[in-house]
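Labels for the chains are A, B, C and D, by order of writing; each one numbers its residues from 1.
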Amino acid sequence: MRIGVVTFPGSLDDGDARRAVRLSGADDIALWHNDPDLHQVDAVILPGGFSYGDYLRAGAIARFAPVMESIVDAAGGGMPVLGICNGFQVLCEAHLLPGALVRNAHLHFRNRDQMLRVQSTTTAWTMNFTEGQEILIPVKNGEGRYVADEAVLDELESSDRVVARYVGGNPNGSSRDIAAIRNEAGNVVGIMPHPEHAVEALTGPSTDGMTFFASVLAHLGGKVGAEA
Amino acid sequence: MTTTENQTVPAQQARGESPEAADGKPDEQAPDEVADTEVIDDPEDESDEAELESADVHAEEDFGAQEDLGTRDGFSPDDEVVDEPDGPDTVPLARRRPDDRQPYRELGLQDDEYAKIRDILGRRPTQSELLMYSIMWSEHCSYKSSKVHLRQFAEKAVPSDRLLAGIGENAGVVKLSDDLAVTFKIESHNHPSFVEPYQGAATGVGGIVRDILAMGARPIAVMDPLRFGAPDHPDTSRVLPGIVGGVGGYGNCLGLPNIGGELVFDPCYQGNPLLNALCVGVLPVGGLQNKAATGPGNSVILLGAKTGRDGIGGASVLASATFGSGSEARRPSVQVGDPFAEKLLIEVCLEIYRADLVVGIQDLGAAGIACAVTETSAAAGTGMAINLDTVPLREPSMLPHEILASESQERMLLIVTPDKEHTVLAIAERWGVPATKIGEVTDTGRVVIEWHGQTVVDVPPASLADDGPVYARPMREPNDLPLMRADRAETLPRPTTGDELRETLLKLVASPNLCDKSWVTEQYDRYVLGNTVLAQPEDAGVLRIDEESGLGVALSVDGNGRYSRLDPYAGAQLALAEAYRNVAATGATPVAVTNCLNFGSPEDPQVMWQFAEAVRGLADGCVELGIPVTGGNVSFYNQTGAVAINPTPVVGVLGILDDVAERLPMGLRNEGDVLVLLGD
Amino acid sequence: MARVVVDVMLKPEILDPQGQAVANALPRLGVSGVESVRIGKRIEIDFAGDADLDRAREIADKLLANPVIEDFTVRVSDGDA
Amino acid sequence: MARVVVDVMLKPEILDPQGQAVANALPRLGVSGVESVRIGKRIEIDFAGDADLDRAREIADKLLANPVIEDFTVRVSDGDA
């Protein structure tokens, strides 16, 4: 299985995402922002960081990278795409996911170990969780407050598209404690906290993040099996 | 003068040689009071002496060169004196108009320093040269007051076979294994952080990161020892959030985990907060870079941001003093950081190192291009021909001295052989980082700088980089010290009842210096790069360096200005001991020390005494513990009016863990574990 | 050379914590009578030739503002600021 | 109610990383002919009564801008934006 991780200028957690992919047993493939070729990957991760410095608006400039056109196409065709933190922001800016991520309500960057409740397990990236499972993974962002108009929020809730919520305190003021959402098909997920920082007991607060990567492998494996 | 403090300690300075000493000339500033104090004890071992000797030869060579110059460049009184309109000053003009009044005092140069410059050049300096000397010979670039003391670090250093580079380089380099080494250093950016807290702190982090990068290392973490005034003072609510925001804003955006620091409040820092920043990097043992501009014919390439009118306080002095235009607004001496540009700069440099494409590299900090071209050519004993018209500018109207002195951030100077130039430029292009050839290395022993077809600088580089003035400043124990010492803690009432104890405990727990620091530490990313094994709230940060073997390092930074105020010798040792203990307590073996010495004005004999005592204490303490000081930084003039901050030596210790999985966190782990108190 | 100014403000229904923080700090400065403060972006675009409002609008729409959360206005600079 | 607009821009000689990032991104959007982009803040202050320019100036000076690196202008909103 080949999982691509995009590096934009200013990506920071790309190496960590690749490590997580390797630890899950898949091949990690580095994708370059300027290269539209996806190199036959089976899934794509848009990692955390500050693409292009995030100076104008997080993710605003990265959306126009050549690699994004290919990813938007592939996502339309069902390829699993996970946007983590800055990657989530890019997915919203690229209209693969609704809503937007704006400055934290308390105006500070905040890094803490965060409890989440997994709400939706009908996605390529969360199928190995059980619904309602509580997990601990780091959150760290300055612009992580999810906003969308009420109609969009209602629709997300009613169609099981809120993938995870913050529990035990909302770290950034996100609407309805939303930490992660998915698209209608369930192949595209955006998440603010960082599963790739919770894959080793030595360096993370837990290993709960591993399940995101195991899920996509199970999802892809199932598909390969079904096709075969 | 300028407010940037990210300078390096040239080898000679740190060892304390001075041209005066080499020359046998008495130090004119030799103070009477220095004799009374027993500051400079020199237990030189043989290896150090050898080092000193070779350095002396070097110094003599420089002097020889200068004599030649005297004849070559001496102006002839017959030269026609032409009145020219105001404009950039050139070398021919300096010869033709030897008696032009120059604002050297306004630039912070003493009469004898100015005379020495004229002596070195055999003529008056041009405006550009004057500005270059004034910055390079300033306290924070030349270490003129601290050199004579700092040399103890090298002289007393216990030999270590782990040390690949020590004092004198941009940062000390410690070998971890046959393949891997780490480099680390602390620097201050105190004054800018008071003026514009966010940007001052941000560019402080940026500066130390480039120092580490210049060694050939990938920066992998930062730490930030901070000092603020009273927590309830209104200005603290401006300064503290700004500085913390700047440290986080820059470090987070660069992708460097913050693995520790300090947060201390004391009214003595009210008008003078301290922003010290430590960076640690990792490099392959064979990948150590150096700054020497060797190889005449090699290209000099400026990599990174465009040059703008940042932080050129000195240039504004020139503007108002010589052009007499009082209307010229004083330029801000604040620089704005661009962490995204620095992130790209790091990636470009690392790619260039991996492909072995540079001969020499130097970061640009204080005094920008002026400092980088003179330091790199002085280090190699070569010269350089630079054309300022090729420097990419943010504002095309910049004058030559402004271009030379600009402290624009996120720039590096590369020395590259002509056959590799193309590849270097292509790598920079791929990352979208500007890179421009601005000149060539020469064998003339002179740095010659042209602007609009005219020579504006023609100097022997070592005279700026290595041969600045050296002072043994007067020192005197502070008058109030005996009284302060007499006021002993034992005389204070002690809690005797349970209620009183409870009261005391609550007071302690609630005190800003002891309470929870997470308001600060939560603003820092400690997870990025995925190798942080310990960070806040632990006493030391621990990083995994090698994923396979688990090899890693532990780091702690500590300091206590109040102890140091009472006894700077012991205070520095206590800071060292605390950092050493914090590192050892993780299970690591401490191997190297860095330090940042934050003091008041060196012109105050009482401050100078504190400084000398602290350095002596730290050097002696390192001998006792058997680990060397590998580098550091001095920040003087931390005072408000005549009142200095508490002397604040901040000490960083680095230790090695063979397997970070074995690290010991500070929390109690298992029920039933036995608690033992070690020591008394 | 001609300058176009693009003003980008958060939509009124989106919480502006930065503006709120300023508003909350005002009483401490002894300032009263302020009802609300909103903080947005002012972007100055200098064109090599004539001010090109259409082009500026396109840039604003695609890049400078996110229509999900922000409104923008575009105008040729009249030297007001 | 009256609105005062405060525009805060970095001084011209100060590096503007934000503006630079946007300017560099424009060619990718197929936009050429832009010489430079500078990004600052636009702050709308709504007063309960009359627009108080002096007060707004004081707020700008103390809270909204750092005069070391930024310039600001204050004006009563003419509904331009």
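The definition used in the following text is that contacts are C-beta pairs under 8 Å (C-beta built on N, C-alpha and C of every residue); 3 or more make two chains touch, one makes a residue touch a chain.
Bear in mind the structure is a predicted one, so any value in this text is a computation, not a measurement.
> Between B-D and A-B, name the chain pair that shares the greater number of C-beta pairs in contact.
A-B
> What whole-Å value do you get for the distance between subunit B and subunit D if each is reduced to the mean of its CA atoms?
Distance between chain centres, rounded to whole Å: 35 Å.
> Would you mind pulling out the distance in Å between where the CA atoms of subunit A average out and where those of subunit B do?
The separation of the two C-alpha centroids amounts to 40 Å.
> CA centre of subunit A versus CA centre of subunit C: separation in Å?
Subunit A and subunit C have C-alpha centres separated by 30 Å.
> So which bits of subunit A are touching at least two other chains?
Residue numbers touching two or more other chains: 52-53, 55-56, 61, 64.
> Which residues of subunit D are in contact with two or more other chains?
17, 21-22, 25, 29, 39
> Would you please write down the residue numbers of subunit B that are in contact with two or more other chains?
Counting only residues that touch two or more other chains, subunit B contributes 338, 340-341, 432.
> Taking all chains into account, which pairs touch?
Chain-chain contacts present: A-B, A-C, A-D, B-D, C-D.
> Which residues, counting only subunit C, touch subunit A once they are in their complex?
Counting only subunit C, the residues touching subunit A are 10, 13-15, 17-18, 21, 63-64, 66, 68-69.
> Using the touch rule from the top, collect the residues of subunit C that touch subunit D in their complex.
1, 7-9, 19, 22, 25-26, 29, 31, 33-49, 52, 55, 58-59, 62-64, 73, 75, 80-81
> If you look only at subunit B, which of its residues touch subunit D in the complex?
Checking each residue of subunit B against subunit D gives 195-196, 199, 305, 308-310, 331-332, 334-338, 340-341, 394-395, 408-409, 432.
> Show me the residue ranges of subunit D that touch subunit A in the complex, using the header's touch definition.
Residues 17-18, 21-22, 25, 28-29, 39.
> Sort out for me which residues of subunit A touch subunit B in the complex.
Subunit A residues touching subunit B: 9-10, 12-13, 15-16, 19, 48-50, 52-55, 108-112, 138, 140, 142, 194, 196-197, 200, 202-204.
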